[in-house]
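Here subunit A shows up in two complexes: once beside subunit B, once beside subunit C.
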Partner chain A sequence: MYLTKHLNMSQSKNRLYFLLALLAMYLLLTVATVFAQDATDTEYRPFPGIGSRNAAWIAAQLHLLFGSFILGVPMFAVVIEFVGMKTKDKRYDKMAQEFIKLCMGAFSTTALMGGVLVFILIWCYPKVMNKLSGIFGPSMIFYVILFFGETFTLYLYSYGWDRMQGRVSKMWHLFLGVLLNVFGTAIMFVSNAWLTYQTSPAIMGPKPAHEAIPLHDESGAFIGTLWQAINNYTWMPVNIHRLIGNIAFGGAIVGAYAAFRFLAAKTQEDRAHYDWMGYTGNFIALCGLIPLPFAGYWLGREIYMFNQTMGINMMGSLFSWLFIIQAVMIGVLFIGANYYLWSGMTRIAGGEVYARFRPYMIAIIVLSVAIWMTPRTLIVTPTELAAMGGPNHPLVGLFGLMTAKNTVVNLIILTTFLSFLFYRRSGKTPTVTWRKAGNIIIAVTFGLAVAAIVTIGIVGFKVNTDFRVNVLTPIQVLVALAVMIVVTVIDLIMYRKAMRSSEINWGQMTDRSQYVLILLAITFTSLMGLMGYARSGLREAWHIFGVMPDTSPDAHTPLLADAVNMIAVIIVIFFALVGFIFWLGLWGDKKKEGEPPVEAEASAGDD
Partner chain B sequence: MQRKLIRIISLILMVVSFIAYIAKAPAFPIASENLLPWSTWFFIFALANIILWQSVVKLLSFALMVIWFYAFAASIVPETSTATVVITERTPEVFVEAGEAIFNGKGKCNTCHTLDPSAPKSRCPDLTDIGTHAATRQPGMTAKEYLIESTYEPHKFLVPGYSNIMPPVWKPPISLTELEIETVIAFLQSQGGEVDITEFKPPVDIGSAEAIVEEQPPLLTGDVERGKKVFVEGAKCIACHAVAGVEQPAGQTLDEGVEVVAAPELTDIAAVNSLRYIEESVLLPNAQIVSGYGSITVKTGGAIIQGTLVTQDNEEINVRVKDAAGNEEERAILLSDLDPEPIEELTDLTGKGYFWIQVTLADTGATISGDFVEETDESITLQVDGESQIVSKSNVKVQATLIDFDENVIVGELVSENEDEVTLIVDGEEQIIDTFDIDEGPTYSRAFGKRLVVTSPMPNNFPLLLSVSDMSDLLAYLASLTGATAATAAEEAEETAE
Partner chain C sequence: MQKLSLFTKCLIIFVVLWLFLRFFIGGVWSVPLPVSVISMYLGLILLAILVHVSVEDDRFREFLRPIKETLADDNRRTRCTVLFVLIPLVMLGLTFSEMSTKADPPAALRTAHPAPPDELTYREKVIGPTQQVENPFRHLEKDDKEAFKAHVENGRRVYYQNCFYCHGDDLDGEGHFAHGFNPPPANFQDPGIIPNFQESFFFWRISKGGPGLPPAATPWDSAMPVWEDHLTEEEIWDVILFLSEYTGYRPRTFGEAAH
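And then the complex of A and B:
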């Protein structure tokens, strides 16, 4: 009965998704057999119209964006479903299910993009693919197995949602959700091995030097094992960075979807629902965003350790301006996220008491972002050089140093955390007798932490780089994390039995705040595109860095100005496709509203 | 209805201007001038759509504007392309266009050359109107011949006031092909001159084994990371030479007598100079001084001025000096105001930096002074009142100065000298001095001259300060500095968010 009802595919969109997924799987399986064969001696074949690199770039970036979406959103969904189960709040369950439905469409598109990408690579870069498949062949078979696992788990998780309710069934359903995420994450880890290997084809030597041990001899022949190729220098940092990034991205896309529905909503009930959904999405995005810089720091550090020149190219030369643009985007993310939280306080009576802190918090964030965006050096004329008295500006030049940047990043994170704290407290009055003492402790903790972070930052100017990177910066990070943990614990205890002076008026948000959610989603996506360009471009004129040179007509790193245009095109395509998938979901729902319920229809048939 | 039409037109224009901006279409002309770039058009129409529309289109316009904003912000970053320029046909227009792209991109010419006479002086000559000026640089050479020589063999002729720092562009790391060099020459010809794209035989056979072997670096067996350590901590080069992404350790002190001076930034040194040049700069710091970074000592009005030579032309020099308080200022000094100094031997005058010389002829007793032109083993040529005058080196009066054991300073015209005695004419009288009575000297002055001696602020004994392995590591590190855009920020990993 269950299968009859659900494999009946009465819903046209589900049938479409299923067919698309089957087609994608077929493509991937076909491709897997091609991997096993030796390619021809042809090194490159041109892709008509837009060129091989552009074709591969578009397909890869779209695959990655959709991949992030279908990895990030199930994480989001499982967490939300778990929260719904614990709080017995049906809204959470409904929202999680809504997003898994959207995931189905995105899943097929991801697989399709993956298939397209593989075909482009095999057609346009046969020699490169031959080399990679020669090394990674077994892992590609494993990838296909994982793909099957993810596909069927997703189907079970999605189609079984309504059926698997109740305490025991819900636990099993949650288990399926976790399994889905395990498969998804494993797929990402496997494919990350292939691309990180292209960037850093070496393994880490023994401590303490951690020298890079190449996996190729002088003729370029592979001399390592499959596991060594997988566990290359940058594999795990990229894995962790992408994992956290996917959480943030998933949250941001959910937020944007909610904002769109909020703005299009006709009833107050819908506005309230999507306002709440937007808030939850933004909260998850923030949770991912805060640790993301630390993961990025680790990745960058590993790149430096793998190859000093590559590191310098990244931060101080070829891609140095890219990181200033990155700072602009991250600045927008933090400012936007804070603005959204502050806007959110307006829907809570009593939230206005915190408004007096806002100008100072805005000042801290804007100043911090400005420092983060300050370049260390610029091309200068002799006159400018003479005017500055050296290659660096005597005052502003200091802001270009890492110690200044690390300091302001921690200050931005703490300020954002404070915004969230104020939001959480809005409309509540603690009843514990020690509330005054608690507030003083929190204020002092914040004050001391800021003083410590700034002091460490200043000391950082005066110590050598090794000491700063290995000792001072981690201490700065630990101070920030410790404050967040300590304050959260105190605050939770203080407000556990707090008196609520007013409820949150969901739906009472300005349209502006919803535009901010959309801004955040586009910024996240742009940032991913930009950093994808950096990660890939770091190889410069190599398919596999230091092993296999790129001798194609595209053997140069495109200008940032050209790259951002390509990224803009990709983002437009991505959002157009996402919009289509969202619309498809809405269209199906609308159609369903006019039809008898599935259960009734199926029962009637059985009878 | 009318409002709806305006909305739709506005929407279409926004999409069109976005596509045109991304596709880098030529600017939309207004009254035959490219008044507004597509970015401005897009901004106007996106704003109009946000105002005119409600709901979905308003949202889409906003989203498109955000996407555009990031693309626009990143597009205004200064950078150079390393892409190969495709030359579709052999016409002056195509060559000039391709040459311009290479000039600003793969050739990295714009790193040192400017095309704006009002721009501050750069490392290499400004090339405004080089299409016509090239014909006047070297007698007997056409503009094209001069440009060919300057690109293939830039060391053969140096524009006065500039050092020999330009690498032959056909060699690594720039490695332009013959065709690419042709297009650059066409582009340079187009700067005020006539473009001639007739094929020519390059003065150097780029493909020859000799040319390639010559470029092979002899000392590139070093370790880059150890070289960085030498650069930062061992030789402390970082105190003066900036490298984006590398910072000076806090509290680093320099050796006694060594002070921090403005020195060339080295972020992309290996991208714009050959490895041979880098090697020479380290082993022989004085061999070639980058314009604007040389140390100079001159004497004027009896006062000695020491500083950094900032600019130089045929009439004056600008020297950056520090006062006692450490404040820096630029001082313009007329070359005519420099004090002449005695010249002991009339040899290697060019190498010693003389530009003006005064001699007294032995046969006539006449004193001649003028701009120094050239010298041979037997004579020197001076430019006196616009005319060249050749002076025999053996026909100049020689002044001798010596000090006897009574500390008397005796100055006179040298008549003769041998192992036992020196004969001088002092105050019109011949005086014979026994060499046994001479405490110091004699020193000779065969002429007086004004000169500019520019030296590197780097210690002359720099190569001796480092061990062979440190030197090798340092060279390897410098050879790794190949950034294409000498720009910004940060010395190790920064927070990335992918």
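And then the complex of A and C:
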């Protein structure tokens, strides 16, 4: 019996080796042609198997995803550490440290992916890299200096955590955290200059028209300065969009990590800790998610102003369906984030008083998402087209216009803010004498704001686009922001000395809510992939828009279906790598549990 | 009377909302909604229901109770059997109706707005960068009202001599020939048409017509003639002024906020 089993196993092993050998031979044969020719003077060199563009796409997107994570996490880790120091609550310190440990795990992978990307670009696109490095050379040296700064600051910040716990040394440690963020943000700004330059190689002209002033002459020769190339038309909008996006993405990924640890937890203590961490991750993701549409709107506006053709291609033509997918994804994010908050209220005795508002809030969010998702040109059969009398439905066709979409985005944001307000209030009773008046003021503020946002939205259908884009939409955004600020201030004062009727029962969350956290992380990742495709694809068949044409075999814009497939592959690879990092965290902790307690660990936290 | 279970209530809400979309919104209130839109909205309604019932454990258990009872309770064996026969039959019917050959071509993803070229031309003459070219007669609106009115009147003449057969006498895309086209001609009364584009965009669309549409985001399927073969440059600018004056919508400009 044993012998038969053994023989079967060795047979299947042999078969496996044989298959692997075949695969290796196939790969060798595929790449052999690439290495067999002299390619020193060629414009493009093909990447074996999957093609140059796909290779660069995968490496760039993975680098960006990891980069976003390692830039986002230190931003809130240092804030959480500061909160821990101020409140003298060691749990915050421990959580911030755990976040940075995750960051350390992802840091080397980010650098690795960056290296892979550079090699692929130099190998496959030598002429493009020659042109870009010719313009941006000095900034690349600056990038390397910043990278050194970031690496060593991260090492000091992470490895010095337990040692730098004294009063003065903690301040120095926080300073390191701030410095780490300065280096990280500067690195991102520098590399953003290279890629935004490829999209918009021009600077902004004077007011009022803000005409794009090209940085190249008719022959394609660069005629600007390095600073002009860096400060190109879309550089700052992309910087701000990515900065906020990093916070949201970092929060979502640590939320997913916490969910993973929550689901794998064996003790109530662990469940409580990771429930709290998941809540914090979701809160951070929400803080990033709420201003993100505004930053995206600014970026879109700048793209339109840089080049109308590019703008129309983005929102009305070539990539317009992508934005419908984006609306679906953002809808999932907001519904998921709210679901998590509502689930969280069930672990607080007293939270149930707000449950009666939930159906209405769900209705508002879902109705708003429905309007946001409705395309301008509907998917119709010829019979339906004839029945409608045109490609735009007289009623729901209006939902496809930006004024409708901007209106509902603001309503979704305000409803999400209200969910958070209810969550914060759960289990607390205000003791101030003016609590009734305070609640009335808050309710009236919300009511007036909603009325104003909807009215502006309706007016937006009738006014000229310039007025809508430059006046009405910013007013809608300001109204939403003002409500959030005013209500937060009133609420903070009202609940400052509130009576706590019950504690939060950390750990008493449904498993469903944890899967929602994981879903949020996957949705964020998908969104970044899709929007990356749009940002890059907008150049169409140009390496540098209007200056350097793409004459490679990959010059065509991939179909949306092909792009989605590619992004799906990238997401699978990313989560496989992230899963490995998560598992390392679990594995390391398991190992620690088996060891006798170390003095240094006792000082790290009281959890 | 027996109290309705949460599951039944949710089912009733779902069906009522489907009827509302299908027959009230897409019938009594307005023209029928396409299947793609109804499906999308129903998906969201289903999601909303699931969110509502699954936030709290007790409610979720209550929601699932009839399903569990139907599957596991001996007293509900008849109901279970009927459902186990009915559900596959419904699926079979749906699959058959989806897969069977129909005379109607399938629904297609279309994009409505082609992106113009960087350079605006009239016949072979280069006018300038599309984004920067302005209607040469627009300034008369402020500088010489009579002259502006004359250009609008000329635009009206051009429109009713050439365009109204397809785009309609009220500029709503309901011309005599409109129903012979798929997709139908543009409806200028729609708030999403004129305000979203610059006058140079309309100049490009009118002068180059269907054959001048870009290779990206095809198929465009436009029967619009190449009007630069029949109209002068001035006539095209004038007809654009007329479109704006008649509908009350101003074409998009970039830069200054208020007008």
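The rule we apply is simple: the second predicted complex is superposed on the first by the 536 of 607 C-alpha atoms of A that agree within 3 Å, B and C clash if a C-alpha of one lies under 4 Å from a C-alpha of the other, contacts with A are read in each partner's own complex, and residues count from 1 in each chain.
One rule holds for everything that comes next: a contact is a pair of C-beta atoms (placed from the backbone, for glycine too) under 8 Å apart; a residue touches a chain by one contact, two chains touch by 3 or more.
All values derive from a computational prediction rather than experimental measurement.
With subunit A as the common reference, the superposed partners subunit B and subunit C clash.
When the two complexes are overlaid on their common chain A, residue A:Val369 makes contact with subunit C while staying clear of subunit B. When the two complexes are overlaid on their common chain A, residue A:Ser320 makes contact with subunit B and with subunit C alike. Looking at the shared chain after the overlay, A:Thr488 reaches neither subunit B nor subunit C. Of the two partner chains, both subunit B and subunit C are touched by A:Thr557.
In the superposition on chain A, contact of A:Phe461 is made with both subunit B and subunit C. Shared-chain residue A:Phe575: touches subunit B; no touch with subunit C. Measured by the number of subunit A residues touched, the leading partner among subunit B and subunit C is B.
When the two structures are aligned on the shared chain, A:Ser343 is found in touch with subunit C, with no touch to subunit B. Once chain A of one complex is fitted onto chain A of the other, the partner contacts of A:Ile335 are limited to subunit C, with no touch recorded for subunit B. By the document's definition of touching, of the two partners only subunit C reaches A:Pro394; subunit B does not. When the two complexes are superposed via chain A, 259-267 is the only one of 133-141, 259-267 or 331-339 in subunit B with C-alpha atoms clashing against subunit C.
Shared interface residues of subunit A, touching subunit B in one complex and subunit C in the other, are 304, 308-309, 312-313, 316-318, 320-321, 374, 376-379, 381-386, 389-392, 400-401, 461-465, 557. Those residues of subunit B that touch subunit A in the complex are listed here as 22, 24, 55-56, 59, 62-64, 66-68, 70-71, 73-84, 119-122, 224-225, 228, 242-247, 249-251, 260, 262, 265, 267-268, 292, 310-311, 320, 328, 330, 480-498.
Residues of subunit A that touch subunit C in their complex: 207-211, 304-305, 307-310, 312-313, 316-318, 320-321, 331, 335, 339, 342-343, 346, 355, 358-359, 362-363, 366, 369-370, 373-374, 376-398, 400-401, 461-468, 470-471, 510, 512, 540, 546, 557. Of all the residues in subunit C, the ones that touch subunit A in their complex are 25, 29-37, 40-41, 44-45, 47-48, 51-52, 54-57, 60, 104-118, 130-132, 173-174, 179, 182-184, 187, 190-192, 195-198, 201, 216-217, 249-250, 252-259. Interface residues of subunit A facing subunit B in the complex, by the touch rule stated above, are 238, 241-242, 245, 260, 263-264, 289, 292-294, 296-304, 308-309, 311-318, 320-326, 328-330, 374-379, 381-386, 389-392, 400-402, 405, 409, 461-465, 469, 515, 518-519, 522-523, 526-528, 530-532, 534-535, 553, 555-561, 563-565, 567-569, 571-572, 575.
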